[in-house]
């Protein structure tokens, strides 16, 4: 009696174990559902919405358009992440809210959890990775010079002893300061609050050039110069600025979800289409560097 | 919060130097603007109490214009718009030949803005003296200038001391807006450190504490004066 | 500078109006909250036991010694740390403004109360009122009558100060102006427009304050 019972129970346990193993392997194959261990997904689920951090006037990356909608190339890519979150949480009606951020508060707001994912024009630096996690790279640019068309200035070395505008706290300003010291260029740096004020300093002849992220100043010269064609972008890349989206650090689950969403967009060619959608009308063709970055980061599923 | 604190960044070279240089510019902007505001503010304040209706109108216009537009906007107008409105050579001088155009724009902008507030205090101080004193001065045969010099201003000075010190406090704090036209004062430098090290909260803390120290000194002086001029018999705590 | 284009302002009208509404909402809520808290602080400083009075004084002097821009920024960053979740830009700006303005209002109110003669308070207490009752029925009504113009003038300044919420990305009037200015690269038009709007509103308000002042002086 006793023996039979024991035999039965052993058999039953073996069966249960077998079944559980099978379940586990099935689970490993199917995509994960629910928030799991991810603190960010849990808080999105709790709030019923995902909060995107956006810039106000960084055309065409991340800005508020005439209909007061937050739009742009970076935003469209982040919306791919939103789709992935909706699928993962099985909440197709998950709301999207927007918080406007600027250069000063963007890192603190990601760190303190106000913003779930930041979609602007933030360069992915190793030193910033001490504070935040980054998505794959979706845009590549570097520091260049905005000058008046017809200016003899071609490179930074031509600006010896001249005045150069830079956005406060930008990586562009840092590299000009460094080159100034190394090459003893005797450049006087004039600080501007944002790109448009810097450009205005060039247009009103207060400075001889402005430094900025090549992509952004090209967009400015192409769309905002008055009269059209009165501004030009010149010079080699003085820095390497790869743009990525920021999120809170230490949530591997969420970071993986973001990486997957971006890799999918790169692999399927959607990222290139989005580039064409936002930069094509400005007459800017996708560059080889970025195409290569898309290919390299399009990891297989 | 997963912020990685690193307070040592504040005493690392070159960031400590940046903070010190920021403090220097804060004091230079606030100090020069304060002198301008005192001179201009007292003049306009006196104008507003003079017998001549024309001079009073000029004083009133000044106060209303400079008091009713935010400082942020005024600084922008001084720095970006003024040189474009001037004749070419004068504008060009402001833009290219004047050393540190952003510094002088900040001083003039902040000084003119604060002068309007000081003028109001001076006017209130003079008016609070009462008509009797003014009449008495005239009866004594003093000219308008003399009555101001020997009667009205010395009396008014006592009334305006506390609000003046309070304005000095404001000018220190308002000098932080100079960063919007490119003067790297204390707030501006703390943002530079943020950008260079990504330790923004530490840099902001340092700047905030420096402001607190600066203004606590001013407040301490103010309260000493307040206690000295307190009139006995009112509800003031002594 | 030569080709100014003003039609942008017309097209951005709804956005700018929305910003103006946000500024007004901030102004009115922070004014009410600030005056109520400010009155309590002023009473504590004048009549509560010394240690409490010192805390109140420390609060006032502490907040008055930091630029408003920093106060707004700190509230935005620190409030989420204390309550464990983010509160959004508007509530956080509102808390910061209310606490900040309470410090300023309390100084005005304290001066107003101090201007009331000591005899009034003594007389009220002699009729058997508690000191709270004395404040409520005797001291505060007189003090507020005297202070109204100063309080209103401070509120006009508060309205201009709302422009500082740009540091946390809240779209008040000034921030909305600068968003449009930067997106369209029309700084001159938009900033001049902002100067005009602020002037009209604040000048109108300060005229109204003067009227109130004159009427009260006449009464």
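First chain written, first letter: the chains are A, B and C, and each begins at residue 1.
Going forward, a contact is a pair of C-beta atoms (placed from the backbone, for glycine too) under 8 Å apart; a residue touches a chain by one contact, two chains touch by 3 or more.
Not measured: the values here are computed from a predicted model.
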Inset, instruction - Return the chain whose centre of C-alpha atoms lies at maximal distance from the corresponding centre of chain A. - result: B
Inset, instruction - Per the contact rule at the top, check every chain pair and give me the one with the most C-beta pairs in contact. - result: B-C
Legend entry - Separation of mean Cα positions, chain C and chain B [Å, integer]: 19
Legend entry - For chain A paired with chain B, centre-to-centre distance based on mean C-alpha positions, whole Å: 41
Legend entry - Separation of chain A from chain C, taking each centre as the mean of its C-alpha atoms, in whole Å: 38
Inset, instruction - Would you pick out the residues of chain A that each touch at least 2 other chains? - result: 104, 108, 112-113, 197, 200, 204
Legend entry - Numbers and ranges of chain C residues touching at least 2 other chains: 1, 73, 77, 81, 187
Inset, instruction - For chain B, write out the residues touching at least two other chains, lowest number first. - result: 1, 80, 84, 201
Inset, instruction - Give every residue of chain A touching chain B within the complex, in rising order. - result: 103-104, 107-108, 111-113, 127-128, 130-131, 163, 168-171, 173-174, 190-193, 197, 200, 204-206, 248-250
Legend entry - Contact set on chain B toward chain C in their complex: 1, 64-65, 67-74, 76-77, 80-81, 84, 169, 173-174, 176-177, 187, 201, 204, 207-208, 211-212, 214-216, 219, 233-237
Inset, instruction - Using the touch rule from the top, collect the residues of chain A that touch chain C in their complex. - result: 43, 51, 56-57, 59, 63-64, 66, 68, 99-102, 104-105, 108-109, 112-114, 194-197, 199-200, 204, 220, 224, 226-227
Inset, instruction - Would you tell me which residues of chain C are touching chain A in their complex? - result: 1, 3, 11-12, 14-15, 18, 73, 76-77, 80-81, 85-86, 88-89, 166-171, 175, 179, 181-185, 187
Legend entry - Contact footprint of chain A on chain B as seen in their complex: 1-4, 80, 83-84, 92, 95-96, 101-102, 179-184, 188, 191-192, 194-198, 200-201
